[in-house]
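Paired with chain B in one complex and with chain C in the other, chain A is shared by the two complexes that follow.
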Partner chain A sequence: MTISPSERDQVWDVAVIGAGPAGLAATVAAADRGARVAVIDAEPAVGGQFWRHPAPRHEPNRVRDAEIAPYHHSLARYWRLRDRLAQHVAAGRAAHLSRYEVWAVQPAEAGAAEPAPGAAEPAPGAAGSARGSAGSEGGAAGTTSSTFFDVLAIDAATPQRHESMVRARTLVLAPGAFDLQIPFPGWDLPGVLTAGGVQSLIKGHGVLAGKRVVVAGTGPFLLSVGAGLVRRGATVPAIVEAASPASWLRHPGRLFSATSKLAEGAAYANTLTRHGVSILTKWSVLRADGRGRVESVTVAPIDGTGELDPDRARRIPVDVLAVGWGFVPQLELPLALGCATRAGASGLPVTVVDADQRSTVPGVYLAGEVCGVGGAALALVEGEIAGLAAVRAVGATGPAGAARAVSRPDEPEIADMQGDLAMRRRRIRLARRRERLRTFADALAAVYQIPGSWLGALTDDTVVCRCEEVTAGAIREIARDHRAADARTVKLLARPGMGHCQGRICGYAAECVAAHELGTPAAHRPVTRPVAAPLSLGTLAAGWPAAIAPVCRHQSNV
Partner chain B sequence: MARVVVVGAGMVGAACAYSLARDGHEVTVVDRGPVGGGTTSRGEGNILVSDKSAGPELALALRSVELWRRIAERLGADTLEWEPKGGLVVATTDETLGALREFATQQAAAGVSCEPVEPGDLSGYEPNLAPDLPGGVFYPGDQQVQPVRATAALLYAARIDGATVRHGVEVLGVRTRSDGQVWSVECRVDGAVVEIDADAVVNATGTWAGDVSARIGAPVPVLPRRGFILVTEPLPRVVRHKVYTADYVSNVASGAAGLETSVVVEGTRGGTVLIGASRERVGFDTTISYAVVRTMAAQAVRIFPFLDRVSLLRVYTGFRPYCPDHLPVIGADSRIGGVYHACGHEGAGIGLAPATGEMIADLVSGRSTFVPAEPFSPDRFVFEAA
Partner chain C sequence: MPTFTFDGQPIPFRPGQSVGAALIAAGIYSWRVTRVDARPRGLFCGIGVCFDCLVTIDGAPNQRACRAPAADGISVTTQRGTGHDDLAV
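Entry: the complex of A and B
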């Protein structure tokens, strides 16, 4: 598609999708450098899952902040980013499109590599600095991207769910991840929740999901959820961890590489100890029971063969069971654009990025959990790197240029050099920090692997796909029937994942069950879902939506 | 009995294997991918007579409809998710209605059962149709299967009759004897080149048949024609038949390379409503065109207004294998003895598969065919090129 000069007014420098730690950091980094940025997010307030906040109200936010502050981490950083974004929005440099659900992204060829409005002609010094900087690897840094992108989003705040479009020269995709779920007998009972869901209720609303909650699964996130629950006043009879943290001892070097993360973990452990919460390691969920609602969970130790030992099982009365097995990166948008993926540390696909968080598609940058689940600290770093790289690609001059005009109007080169030097230092620091956090994340993933024991506990009558009510037995039967020689065909025939969730919930488990029955290794291939969020056919039928222009009339509801 | 290698484990390959194995041939089905992994898994499972004008393809379709009925009896309708639901073709203007009625009259003369439907009777067939449609034609012969299930079921039946199915096998070419007759099929398996002895090879590789036929040394012109299908959220039974607009008829026979859409709406057992069927010649480009998707949505809402508020769940892309003259290629290739083609069915591969399989088995076994085979012969391209 060719854009005419008048249409160029419609094009943003950067569109950031997702306002969690990664997206927020990318937005602020890009806007700080003078780019016009639209950040699009489904939630009412910025912060994502990690810094989930209630919808902003007209009364001062800090009152609400204080209420939920005890359940959050590194809030000072959050407030700083949030306030900085608000400044950019007020100054007309950025827009926060809150409660917009992105359902599709589409690349379109621009007629020529013309600079976007707002981004002045790249100063020779600025372009040179980008090329010369560490980590740019001679790629898009100096190259002006010749494409632009259409982001199609539904305004969930309007009852009609209006569709809008954001056109941008570069994209930073930071859509995050969702809870990985694994079926077990009783997992579909009301009161069995994901650990992430339980955490969201506490963080976003200060609400307890239950009074007596067992937290089970694997990963340090369970400690965080458990600590949040007891601080809020819930009883946590046990945290049931399938992995054996003693295996940390096998990676002592990595322990020292992320001391702040360890301090965070130690704080949780301390809280849990004070409240007398017992942590069962190498134990897992055998089943949940209850009439109409979960009333108890039965947990059992994982024996030497990797199976749950029912003879040593314990039944624990609960009113809520929170289960967390890690997170699944949301790859819909990167895949729709054709970004390459690889198998991540958990075996699930993650996107491929370079040192600048560039995807394999020019003009598309990726940050946060889509690049491999690594937590908020890593997401912040990746987001900032992505935001800076996107700005270099569009050639926005940024505050280096703005500062130059004020401080050294007579000597622009010197100002440029100073700006370059600071930027280069910043980028080197970010690169190191990312390396350290990535190493730590990979070490965590290696320790907190999902054990295979759940497959043994999965009875034939357990529903695997809740949308289509496909049981484990139905999947196994088709695999046994020899009608299908591979897990993909088994899934096509048994049809888990064809309902509302489109396999987002059951995809991992269905693949594992089919592969296990066939005796083949589970292959978690990326699943293309061209409709990333539901929208009505009527909305589609109404035709191409109007573009939200970079003149910031559309601001967040803050 | 002949040793036959069927290349392609899609719907057509499975139907060929099914008929050949029933004849007692020693059948090996090879595919580089899984069962029904290509275009088979990308369609609605249409078995249509309604969209075909009088001619050789309609003759094949009429035979296929009968064979699908028999297969459903033998293997179980539930196994295939076979539904003889019938098709309702509606016109959106008085002009198209005239063309549709005339088309139907010719079809009736060729043996298709069809009933004109007056505007007041449309709601008796489909209560949720737009009330302002000028009329249509009902085709009781149209059917539906779940294509991957049907493919798996036919392969399963073929295996019981002695066939072997091998996946992860990529065909590289064929070896011939000094008299020009096929001797073996050369394949790559796990990186190693292996030969499978064969008296006959059936090219049933669908959209990829152009490439495979060239490798074999007997090229036929089969090209991809992209299509999208929109899938809604699961609903109660709101669409009873296959319902499509009369424009579809003219699109199937069209030679235009650009986008053509005419809407096909139908329900599935799972409750989802499928909306097809765009046709574009854009090569193997899997990118979703959201502009095309919008056009399809608008056309679907035009005939079923309730869809306006229904959620779109997913969109999938497929590539129909088409030939320049819009007829499938079925029969022996005169250039290499023992090479048969069964490909180029465009959007009708599921529907035409059993009659195609039967025709191939008849030819391999040296019998006369039920439907005259000449119009489908690969030789039409061979002599054209000469």
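Entry: the complex of A and C
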């Protein structure tokens, strides 16, 4: 369904970026209460990382939802949210802009609901505004904010990568996270994949990454990946966990505060035991070797001094090595809008939010991993809170008409009061649940810390920045010569983080290497990046904003 | 089964899969050679973040194999160095 020209110029009540658990929950919560919502996501199917699904197709031998279902959790909730979104799309209340990569978001100050032509500020590096006015039809009544946000997105489904714009009164940013990685000799060999990447191949494409896979790093996610692999038929010679779960015993209270998460963990542990997978704790990767692709991984125990003990190392033949050290929140979009950050439980920056998931920028709500890595259950709660708060901000309060008609058709005021009461109860429940899950997530982060042992094992000739092929030796030299451990100086001089990924993959490690060389702690300050998605020069040259209607491509695989 | 070619070799795939996923299912793990040290590279993050999986599709370089949908009849070729370097980031 293409959005009609009149709809194209509308101002949405809420634009949600990211259709993972957080964004999906926010979208449905807001649309359920009568707001008009556009949800924008780079992937073909909704679900994000946790509920990754194959691209919707109709050919007979497509990858089917049913065949990937065994690798998922809480699917009933996913189906409910997906169906609800489909209903809202069909009713014209919501649009699902799939395969759109948001590269910029910015406030567009406008005095009234009708912004003047060219009133918006041009995007950084782009030519002047060429866009006409935006009407306000279809919006909820009682708008309190005079600020609009323009979301600029690249249509990844067209070879020309057309640009589209969505204008909204409020934003919910829920872009999630990516796998945190640390370098070791051989980590850039083909066949060394991120743990999340191995998981995404199974869930999103029905593909087993390898036949013999070692899973290494730290965090409970490794168990989930290992369990998925053995269920799908792979041999997992070992799961190599750098932390020591015995430290759980120091947090028993926190441990029992999130029982459903524990049940999920117990299920993985069961699967792994049944398949005889050994879990090495306080062990880590020393190196990976192979000619042209990974053929073996050497793992070693972390000794009393916190270093890897090469004398007790074991070499394990593999065809794939899956590594993950936790997750890095994707902060580009919140940072571009000026949202404040703080140091999260893992030491990496996360955004600051209040009880309503409000950022420090009016009209901008944040949910999911960007507020601190906490997993899907927490993302769902935060998303719903953000969706409800965004609705209140634009004034589209109260139960949706349909719900009202069902409960008290002849007494709408009473129905509204009942609705308000129900909403208040719901918000109290959500707040409690968030508190519990956040405490649990912080306890996990405290246990699954990245040990410093990798720094000692990192040889000078190991590539740290995979894009620009900058080695650990080069970073150490710059740090020594210029006594610089901050990301900016190291980046300017040694050029790690100057390539395609803009330092997303190596940023954390490069800072650690430089700081370690100087004997100082790594700071991990938030890094602003000019663009959140790759653009072609053509798009930039075409000026901003292009007046191409976004296409609602909501589809599912049923 | 629909098929695309990789450096001339036919690669079968299932609709809904990405080029990168289909290559891995076919046992191919690298499809790019780096600019500086000519190192082989393939899928790493799997979700469009790392840009290690860049590949040339129907003559256009710098396509992320983990995101590009596999399609019948397309020609996928190993990308050497920067391809044509027409990707601005």
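Here, the second predicted complex is superposed on the first by the 473 of 558 C-alpha atoms of A that agree within 3 Å, B and C clash if a C-alpha of one lies under 4 Å from a C-alpha of the other, contacts with A are read in each partner's own complex, and residues count from 1 in each chain.
By our rule, a contact is a pair of C-beta atoms (placed from the backbone, for glycine too) under 8 Å apart; a residue touches a chain by one contact, two chains touch by 3 or more.
Computed from a predicted model, the values in this text were never measured in an experiment.
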Regarding the shared-chain residue A:192, is it in contact with chain B (first), chain C (second), both, or neither?
second
A:485 contacts which: chain B (first), chain C (second), both, neither?
first
Touch check for A:513: first (chain B), second (chain C), both, or neither?
neither
Of chain B and chain C, which one touches more of chain A's residues?
C
Taking the superposition as given, does A:502 touch the first partner, chain B, the second, chain C, both, or neither?
both
Please indicate which partner A:200 is in contact with in the superposed arrangement: first for chain B, second for chain C, both, or neither.
second
Looking at A:441 after the superposition, I want to know if it touches chain B, chain C, both of them or none. Which is it: first, second, both, neither?
neither
So which positions on chain A get touched by both chain B and chain C?
467-468, 499-500, 502, 531, 534-537, 540
Would you mind writing out the residues of chain C in touch with chain A in their complex?
1-2, 14-18, 21-22, 24-25, 29-30, 34-37, 39-52, 54, 60, 62, 66-67, 69, 86-89
What does chain A use to touch chain B in their complex?
104, 106, 152, 336, 338, 467-468, 481-486, 488-489, 492-493, 495, 498-500, 502, 529-531, 534-538, 540-541, 543-544
Chain A touches which residues of chain B in the complex?
34-37, 41, 148-149, 152-153, 155-156, 159, 165, 167, 230, 232-234, 270, 272, 275, 287-288, 290-291, 293-294, 297-298, 300-301, 307-316
Quick one: in the complex, what on chain A touches chain C?
42, 44, 49, 54-57, 59, 61-63, 156, 159, 178-179, 188-194, 196-198, 200-201, 204-209, 292-293, 463, 466-469, 499-502, 504-505, 531, 534-537, 540, 557
